[in-house]
Structures are given as structure tokens and as C-alpha cells.
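The following pair of complexes shares a single chain, chain A, combined with chain B in the former and chain C in the latter.
Up next, the complex of A and B:
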């Protein structure tokens, strides 16, 4: 509770978290995403899924946000974080434990953070990671449409970004293009963690499920896909499936989500 | 990483001897070797960028080979003024050439550079095992993975990235060749080169300047803007041409990364003496063009009997001349004229035969010209009908084929010779205004009057010396020749 004061970026969420309900006001840094039916990239072709309404951060978590977090939570500082939960290069682009430095501008998205670290950050805010369905549902939107994925130009724009190498220093999170809801940077900024990032890998009891091969390698990648021409979505699913929970990657950040109902432990 | 030590080699050699003897009766030069022949020592594979090839393997035993490939996403030149973001195995397209020996065990490490945006992996067609290593090497940016495989089957194999969507990873240049050299080795040659064809799909048309993005629609339609060897237009032309010498035996390790097109690989001016078609063990001899499937290869061998430029093309020929699939192998040295003479002659083709021909004369007597002006006017008509096609209406001729009549030293220095040429034709070398011509001019079959008229016209035009030629002069030259 003491940390919440220091933890400015989360204040609104944290304070209101306990009383959040379907009618509760939406914190200023978040938007309400009305749920709906959507057809995921992988899974049963004729089985669309229902996504319940949820709140989603307007932008990815920045270095400044994360700095506040590690100030209040020393065990997540670069030098102290357990190697069980973060890889060696955790916050590797920062100048020091409490110094983001020139490689990590305050308003740029924080990257090189693991899934565990992202989860800890969001828990401290009373938020959680969006699920893959929630993230993908919101990511279909552009500036005017809730679902622009039928527009080849929309997909081509995303694909162009995926095809470019990372810039040495990331731009500010709030400069990214926003969709009609005001959610910025879903495309064209950084990859983002989702709660169930390894969804595609663990489809059965065994981690080395046979569907892994069918899903994501070579031409087999098209077998289970609902839209084999949606290369942009392929890219994201392939990217996520290359990860493990303690991985830290130079262009992988995250943003928070929240249920409309009071948050549960993420 | 530990280098092979001599002591280790000696020990393992001594230990291997009984096993070799036990196989019995194998010729000393190519001892038969079981697939489970024990490994001796270990080494780090030499990796090269195209067109270089690692040195032949001289070992007579399998070993443990370490191969490390680093995946990077880099902006590089596709053509002059055109850049593209290539995804590479080792920094360029094609990826590094890997050379191992049959029965070697390969410890393979794939490193994905932290600056990469994408996860990547590698499917080596030389690998026996699910995914060819793809599953075992699925690697997030900033990570590295490793696996081992035994190189069971000799041959020349493509490797490529197989991360979904695989087409885009290949279309961005993620392919290369791995040679599993047969245990008896490949016959020695003087020069080996590494060439891989690939098709590219850019947002802009061929040659459109600037950094070009990947165009998925064109890739789906299989309509590439670029079809190139070794990752760019001009990768093997000009100062980058492959260099060899006359008399060299040459081996080309050729792959086709695709993603879509099948290559009709051909070297203009050479015949492949031997082709290990599809990169396998069988050899076809005396091949003009060999088909290389996407995700396949061929080994082409030939001897450079004579010197000159030999052009590597995809003989699906618009690709060569309009999309970049062209390279040059330059053989230095002296021409072997018995093999190839070069151009000996460029002659006017006369369907009637090679000698000076007579154009049938129309025997109608022409009205005699009364004045020089009438002679010039009549001569102009004769010129237009008989001479202008070759010497051109303005008398300038055609360089290297038909001599000029304008300001012509040859014409002006000897009027009788000019009359003789018009009457009898001309064959053989002449020098006109400093240029040498070697053609045939036919006999024109003009009568004396027409000959006099046309020559008077010619002398009066184009800064020539303006003399009048009379029919009497023509008659005299005609009589002198007979």
C-alpha cells in the first residue's frame, strides 16, 4: 500500500481497483473495450470465441512507469531479480538499477522484461496482463474500425513494421498510432506480453504437443490457421510461441488490462 | 570449441585401426566406412559467404563439427539505389556455406541477434529428423539454441528458416547451402563457387529506388520483382564477377532458395561436363541447362577450355534480363582458337553465294545527259535505287559494315578506281577515312551512262571533290578490265 503513493502511473487503477464494477468509471489511462465474438487465428475454424468486456491500457508501460515500480519493489531491480524469473539481460538496456539512461527514454515502452516481471508490475497496479484473445480482439482495430483485418492495407501496414529491424532506441509510447478507442501502439511499436503467450504450445497435457509442429513450422503453419493469408497474425503467434516466461527480449514490452469486476490475482 | 589435438588424433587413429581391418579388403584409397564409424576429434566448421566455398575436406574419418550461425535482420543493397531489409543466416544472402563430411556429427547452434524483431529457426534439408532442426532451433530474439545431427546422406542441401509464416522468412532471404561431402570426397577441381538464386517481392517495381518493403500480395501471386543470384542484382558482375583462368576446372554449388520459382540454370557459352542433378549422387553429363527446384540444388562442373566471360542465367530468360538473374564468370587467359575462334567475319549475306554478284542489267539505253546538272539529277535517282540502302541516303555509310561516301578519301583519290568499283563490285579489306571495312559490294550492272551519272552525283555531294564523270571514262575503264 505504501508503494502505491510512489507508483504514480498506477494510482488511478490501484485506488479504484477495489471498487471497480461494470458501472465504475474507467481510469484515465485505460479504455473500456466492449467484448464480442471473434475468430482466433488458431483453433476451431468454425468456433468463434466470446470476449467479455474489459479495460485495457491506452499505451504500453514506459521506462518511467517501470522505474517507479522498481523503486518501490527492490526485488525486481535489475541486479536483484531472481534469474528464475528474468533472463540475464533483464533491463539490459538500462544504465543501472534505478537509471534507465539514454538507451531507455522515460516515455519509451519498457522492454527486456520477462513475463514474470510484467505480471508483478501489473499486480502492484491492481491490473493483469491481457489474455491473448483480449489482446488480439483489441488489435483488430484501426483509427475508424473495430475490425480492420478484412482490409489488406491494414494488414500490409502491420506487416511492414514486422519486417523492419528494431530501432536502436525506441520512440515514445504515446507517439504511436491510436485506434478509435484511444489505444495506442498495438502495432508498430513493440511486441507485447499476453497472459497466455504459450497458448499455442501447450494445447494438450504435454508441452511438446504434436499440434506444435502443425501449427507453427513451415507449411504446417497453415494447417490450423483460420486465415492463412493473415501473415501479420502468424507473426505474432509465431513470436509468442518462441518465448518462455523468463525471457527478456529487446522489443518485447507489455500493457495492463483489468476485468470490469474487481480484479483477481493475475 | 576445443581444437583437435594431435595427441587425441593419434590415439583415436591407433584405436580405429582394428576396426578398419575388420571391414576387410577395402581399397586403401576409399576405405568403406560404416555409418557408425567412430568420430575422431572435433573441429569448428569454416563458414563462407557467397561466392566463396570452404576448402574441401581432406579428413578420412568422421568427426564432431561445430557450426554456429547468427541470424540478423539487416538493410542491404538489392540493386543500385534499391535497399531491402534482408533476414539473413550470417549477415548476407545467401547464408553461410556449410561444408561437412558424410557421417560427421554436427553440433549446431543458432543465434538470433538481440536486435532481431522475429523469432527464427533453421530447417536443414541435410538433417534426418523431424522438422530438419526447425523445432529444435526455434529461437526468440536475443537467444540461442542448439541441437546435433548426424550427416547420414551425402549431397548438396538447402537450409532455410521455417518459422511461420515460412514464405515470408524465405522471401526475405533466409536460405543457404550445406554440403555433406561424400566420405570418398569430391574430385579435385581448380575453382569452387557458391551461387544461390532467390526471388524477391518488393512494394515498388523493379528498380524503384529507396528502401523497399516486402509485398505479400505479389508473393502470394508468385510475381517477383527481382530474381537474383546471391541476394542482389549485380552480385556477380563487373568487379564482382567470378574469377577463374582458362584451363581451370570449375565446380558451381548452386542452390535455389525460392520461395516460389524453379530455376532453369544455365551458363551461356559453357556446357556442364557433369551435373550432380538435384544435388544428389547421380551424375548427368553434357548438360546445357539444369532445373533447380525451389528448396533444391545442383552441382555443376565444367572445364574452361577457352577464355572470356561466361554468363550465369536463369534461362527462364526474362528473369535474367529484366529481373536480375545474371552473373558473370570471367576466365582470364588466351583464347584457344580451335575451341572458339571468336568472330572471324561479318559479311553481307547474299543468298546467291559468297562471291561478287551481278545485279541483272536493264538493257534499256538511258538518255544521255546533256549537262552536268542533268547528270547529277539522273544520278541521284540511280543512287536512291542502288546505293542508298547500304551507303545511306546521306552517304555516311554504316560503321564497320558499309564505308562512307561522304568526304570519302578512298572515293576522291582515284576516280577510275571508283568507276571500277561501281562496274565490277568490290570484295576485301579497304580503308576509308581511317576505318577498315571488309564487306562485299556487288556488281550493279549499270550501263556506262548510269554509272557516269551516279558517280557524278556522288562526287557533287557531301563535300566530295565535285568532278564530273562521263560515260566515255566509264567505257574506258570497262574496256581496260576486259
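Up next, the complex of A and C:
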């Protein structure tokens, strides 16, 4: 019941439109991230980028949330979803089309969902996937700081989680550690899709031939890591670079984001 | 390791390669399969300022790539690769093939600019389509084609150099990666899909 209410909140967001006015109240399931300057792991190495303010879901989308979505959108049910959009093991841990079952507790993050499926879910809620910059910007925070990435203990905690095998059944999304904004589970729960996961021109370590790289990826030579110490971020970028849009992975879920409308001048 | 992951990803995304009959059997084109890119319903604008969906190209094989008109390094070579493939086809084969260049720079690649870009290569504007769409449509198509891209500064993008052959019903039949690659694989795939289907042997 609680989850049905949460999903209704998501649908109410859809009715309100895709952009929240800059001064509009933040929906209860989201937080406002102020944005700011940020130096991405890869890309424009000599320049930090400005991340505009945005809204981000407090927790990843759960099995209960996703069940409500597939009830209302039959084409995204496990037995009906197109192979262009989802791989064969889409929702493979669910007991049936409309039955998450014991392998997918209602409160646990939904996983084994593709980029296309996550995008369709969020569109139905008037939301979108966070961009990689937005996700990484928020993921720098811990319980007290907006940017904890200079603290080796913070990075070590994340790496320890990356090194642990996935539990056979995921824990509830709302039990994950929250940052100072109230955003929970960015680390320590599941990996998450980002809107532009396909923005990296990373080639294999075996391809040392720069001319080959340049031939495969125009301007590919512009891409290099900025902060070798942040190995956790490197792992996330590497993971994303191995994905395709219909892939479904046992520890890969998602959460929603939304733009803020530009402030209106009186 | 990463190479293996990317290779595996690509192979998984491609799925089984299969040939379908071409233009002689247009009724088949109506039935898009679960792998057909023609399920993507975004609307594009071509170099003639005409709106279309990708599904409107069905019924003939399509060579599709993504780039941007002001790209100084790769895109002219991508276009040259497309022309090199065309030159190896007979006029009859060529007439049955559609070629699509989708811009990843919708801000600057207006229909007029895409027309100029195609004019540089003296292409047949009836068969070649320069498409402009919104950012969401471009992202969706790039993901479906397994093409990676990002804006690197105000004027340039980094992007994968991939030519993809689609069947008359929109499934990926072949991908040619890299610039100046040997086109024999994609040519064979084009000829296979264009080959008339042999009539089944009559049984006594």
C-alpha cells in the first residue's frame, strides 16, 4: 500500500509536468541538489563543469514501484518486452510478469532492468535518468559533506563495497546509508543507470595503437582520467563503458531525476 | 579485460546475424520483429525539411551512421567510407539501398547544413537522408545502434565511427567499426540481403 502511494506521488509528478518550477516545493520522494562546479573523472580534463540545480530521487526505484509501472504498461512486462529494449534475463529474478516473488522483495531496488526500461518508467513519472555528471556530482557526498572524495576513508568504503559479492536477495532501498541531503544508496546498494552512459570513448588496454583509437572514436584521444586516486569513480566509468542499452545486470538499478525550470523574471 | 567486456557487449547487442529478403517482398517489411530499430518512434527532419520516422525507410536495406556536419576529422572519412561501399555496388544494387547520416549536433546541423554536407559528396538525395532530431531521439538511436558520443567542447563531439547495415525490416545485420575499414564484410551483407530469394524447390 505504502508503495502504491509512492507510485501515485510519482504519477502526480507527471501531472505537474516535467520541470519543477525553481521555487516549487520539492516532491517528498526527491531532494533538490544545488549543483555547482565539478571536475569529472573523464572528459574535459582541464575544465571543471557547472552542474545546474536538479531534483534527484531519495532512493533507487524499488520492485514495488516497478510492479505498478508494468501493471499499467503491459508492453514492459517481462514476457512482452521487446528484445531491442531488454535482454533475455530482464526481470529474471521475478517469479512472473506481475509477481516479483521472494527473490525481489517489494522494498528492494529493482535490478535486471535495461536503460530503455528505466527510461520508459521514468518518462511515465515525468522524470528522467540523471546524467552522468548529475549522478557523479551527488555521489561525492557523505553524511556530512557535499564532497567527500578527498577523504581516503570515504573512497575506501566504496571500494570495499565494490569488492563484495552481491547478496542473493537485495536489502530494502530505504535501509541504505543516506547522505547529508537525504539521498540514500548511491553507494553500497546497487549500481545505477545514468542517462548518457554511452558517452565514454574508452578502448581496451590492449589497443595501444593511438591511430586505431582515433579511427574508432573521433576525438577519442581527448579522454583521460583526471583523478587517479578516485579508483571507485574509475570503476563506475569502466562499468558504464561496457554496457549497452538493452543489457540487464543483477546489481544494476536506477533512480529518477528532474530538471528545475529556469527562474521566471517578474 | 575491458576489451573483452566491450567485445562481449557488442556481440551480445548484435545478436544473431540473419539475412532477410529485400525489396521483392515488401509485405514482409510490415512485420517488424522484436529486434527492429523501427520500433523507435522518434520523428526526424531530413535535408529537405521533411519530417519522417525511421520506420518509413522500411522495405529496403539501410546503411546508417551518426556524426556531425562540421566534424573535420572523422565525418568526411565516414562519408568517404559510405561512398566507397556504394562505388563497389552495381547501379541496380545501389538503387535499392538507402543511406542515412544522423546528426549528433542538432543545434548546428540544420536541414540546410545537412543538405550542404551531403552535396559535398554529390550523393543521390532520393536515397541519402541527412537527419536532424531532438537530443532525446539522438541519444535513443545512438544507444540502439551501440554508438558512443559526447560533446567535448563548444564545437566538437567525440563519437564512435560505426556504419550499421539494417535489414529491410530494421534489424541490425552488420556493423563496420573504425574509419577506412575493409568493406568486404558489409558489402557481402548488403549483397546477401539484396539477393532475390530462390523459389522453393518443387516437390514431386
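As a working rule, the second predicted complex is superposed on the first by the 226 of 266 C-alpha atoms of A that agree within 3 Å, B and C clash if a C-alpha of one lies under 4 Å from a C-alpha of the other, contacts with A are read in each partner's own complex, and residues count from 1 in each chain.
Basically, contacts are C-beta pairs under 8 Å (C-beta built on N, C-alpha and C of every residue); 3 or more make two chains touch, one makes a residue touch a chain.
Please read all numbers here as calculations on a predicted model, not as lab measurements.
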Scan A:98 for contacts with chain B and chain C and give back first, second, both or neither. neither
Once the structures are superposed on A, label A:116 by its partner contacts, choosing first (chain B), second (chain C), both or neither. second
If you stack the two complexes on chain A, which partner ends up touching A:242: first (chain B), second (chain C), both, or neither? both
Figure out whether A:250 sits in contact with chain B (first) or chain C (second), or with both, or with neither. first
Once chain A of both complexes is superposed, is A:106 in touch with chain B (first), chain C (second), both, or neither? neither
What is the contact status of A:198 with respect to chain B (first) and chain C (second): first, second, both, or neither? second
Please work out whether A:82 is in contact with chain B alone, chain C alone, both, or neither, and reply first, second, both or neither. second
Residue by residue on chain A, keep only those touching chain B in one complex and chain C in the other, then list them. 212, 215-219, 222, 238, 241-244, 247
In their complex, what parts of chain C are in touch with chain A? 1-10, 12-13, 15, 34-37, 39, 67, 71, 73-75, 139-140, 142-144, 146-150, 152-153, 156-161, 177-180
Report the residues of chain A in contact with chain C in the complex, numbered from low to high. 43-44, 82-85, 87, 115-116, 119, 195-196, 198-207, 212, 214-220, 222-223, 238, 241-247
Contacts from chain A onto chain B in the complex sit at residues 89, 152, 155-156, 159-160, 162-166, 168, 191, 212-213, 215-219, 221-222, 229, 231, 234-235, 237-239, 241-244, 247-252
In the complex, chain B residues that touch chain A: 73-75, 85, 114-119, 121, 123, 130-131, 134-135, 138-143, 162-168, 172, 213-217, 220
